[in-house]
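A single structure is presented below for examination.
Naming follows writing order (A, B, C, D, E and F), and every chain is counted from residue 1.
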Amino acid sequence: MRVSARNKLPGVVQEITTDGLMAKVSVRIGDNHLVALVTAEAVKEMGLAVGDEVTAMIKSTSVMLAKGD
Amino acid sequence: MRVSARNKLPGVVQEITTDGLMAKVSVRIGDNHLVALVTAEAVKEMGLAVGDEVTAMIKSTSVMLAKGD
Amino acid sequence: MRVSARNKLPGVVQEITTDGLMAKVSVRIGDNHLVALVTAEAVKEMGLAVGDEVTAMIKSTSVMLAKGD
Amino acid sequence: MRVSARNKLPGVVQEITTDGLMAKVSVRIGDNHLVALVTAEAVKEMGLAVGDEVTAMIKSTSVMLAKGD
Amino acid sequence: MRVSARNKLPGVVQEITTDGLMAKVSVRIGDNHLVALVTAEAVKEMGLAVGDEVTAMIKSTSVMLAKGD
Amino acid sequence: MRVSARNKLPGVVQEITTDGLMAKVSVRIGDNHLVALVTAEAVKEMGLAVGDEVTAMIKSTSVMLAKGD
């Protein structure tokens, strides 16, 4: 499957915290960590678990840049 | 400055393409590349140039996850 | 591939307008039309063309609701 | 009222699940279902209920496209 | 019309710059300025012009907070 | 620090409601109120409290415009 999202970062799920409707999924991407806030329903439907290989997808319009201190 | 965005990835600007109101900025983050679509005005105001050290900031609600092929 | 995005609407590409860095893609979803603003690079890389069957993916946090006149 | 959002899909509320600060609203749009994650406050203030006719509004920059399997 | 977006800021259009598919609309909100990047099509369809009274709508999930220097 | 986000509105935190993974932060911006939905983790890490001076940052692509009634 090809997706229009410009950012597709491969990583491994490190932690999943579910609370009510929401779930916070921490993914290791190389030396960085990425946090995704998704629905608890998505975690369940995907059968997402710690150790899973996933791809974090981010539209380029959702990325901000900061420079300097 | 502390920001609420959960994802703050340090990187180096590799390429900037400006066209009209928009600019596409490619940033190297470790072994990955991240593309940010920002306004041309932002690039100008920040004095953004290839080689600059920047931080890519992404709200956790903007991250999607994909699993499997 | 399973994705965390809650909204995955199957449709057919009806029109693609590319200008500079951006592309506007019009997709027919049942009786509705959906407009996606993506990068021109994405359209090229996906080989997107009129008549293609695609899936429009939208995070549930990106949907607003309006009621009344 | 005219809005800049390109996507305005008319539908009917099918299910509302509220938990803490958030609410998940399921809307039938023709043959599709759309899930909106809004604040519980919005649901209360709008007096949103199952059976209500609503319009789902989505900015075109929030739509991603996927093609193939 | 009632909308789920928590942020509805009344303002006056101060400047509109259109280029290709995109338009940058500057809106005065009290003592602040807000920039909206919308499609050129939206500006045309809304008949948007300098001096128009508009409401800037922003989902609460799209707002980031920064503190300190 | 310079950021690409076009909208940087200075304000004062008026109310913080935390529930599970999420927090709703109400900020006074001049005569307006702005609601930010961030993670509870962000509120904690930033040491965010009522009375704090903050900057609300919003990407221009996240702003919608409405005109008329």
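Here, a contact is a pair of C-beta atoms (placed from the backbone, for glycine too) under 8 Å apart; a residue touches a chain by one contact, two chains touch by 3 or more.
The structure presented is a predicted model; accordingly, all values stated were derived computationally and were not measured.
Student: Just to be sure I understand: going only through chains that touch, what's the smallest number of steps from chain B to chain D?
Tutor: 2
Student: Would you kindly count the fewest steps from chain B to chain F, each step being a jump to a chain that touches the current one?
Tutor: Each step joins two touching chains, and the minimum needed here is 1.
Student: Tell me whether chain A and chain D, two copies of the same sequence, contact each other through the same residue numbers or different ones, using over half shared as the line for same.
Tutor: Different-residue interface.
Student: Counting only Cα atoms for the centres, state how far chain E is from chain F in Å.
Tutor: 16
Student: What is the distance, in whole Å, between the centres of chain B and chain C, each centre taken as the mean of its C-alpha atoms?
Tutor: Once rounded, the distance between the two centres reads 22 Å.
Student: What whole-Å value do you get for the distance between chain A and chain C if each is reduced to the mean of its CA atoms?
Tutor: 21
Student: Would you give the residues of chain A that are in contact with at least 2 other chains, written as numbers and ranges?
Tutor: Expected reply: 1-6, 19-20, 22, 24, 35-39, 41-42, 46, 48, 57, 59-62, 64-67, 69.
Student: How do the chains pair up in terms of touching? List each pair.
Tutor: A-B, A-C, A-D, A-F, B-C, B-E, B-F, C-D, C-E, D-E, D-F, E-F
Student: Could you pull out which chain F residues touch chain B in their complex?
Tutor: Chain F reaches chain B through residues 1-6, 36-39, 41-43, 45-46, 57, 60-61.
Student: Hey, which residues of chain E end up touching chain C in the complex?
Tutor: 1-5, 19-22, 39, 41, 57, 59, 61
Student: Applying the document's contact rule, which stretches of chain A touch chain F when the two form their complex?
Tutor: Residues in contact with chain F: 17, 19-20, 22-24, 35, 37, 61-62, 64-69.
Student: Show which residues of chain C lie in contact with chain D when the two form their complex.
Tutor: Interface residues on the chain C side: 1, 3, 5-9, 24-25, 27, 29-32, 34-38, 42, 46-48, 52-67, 69.
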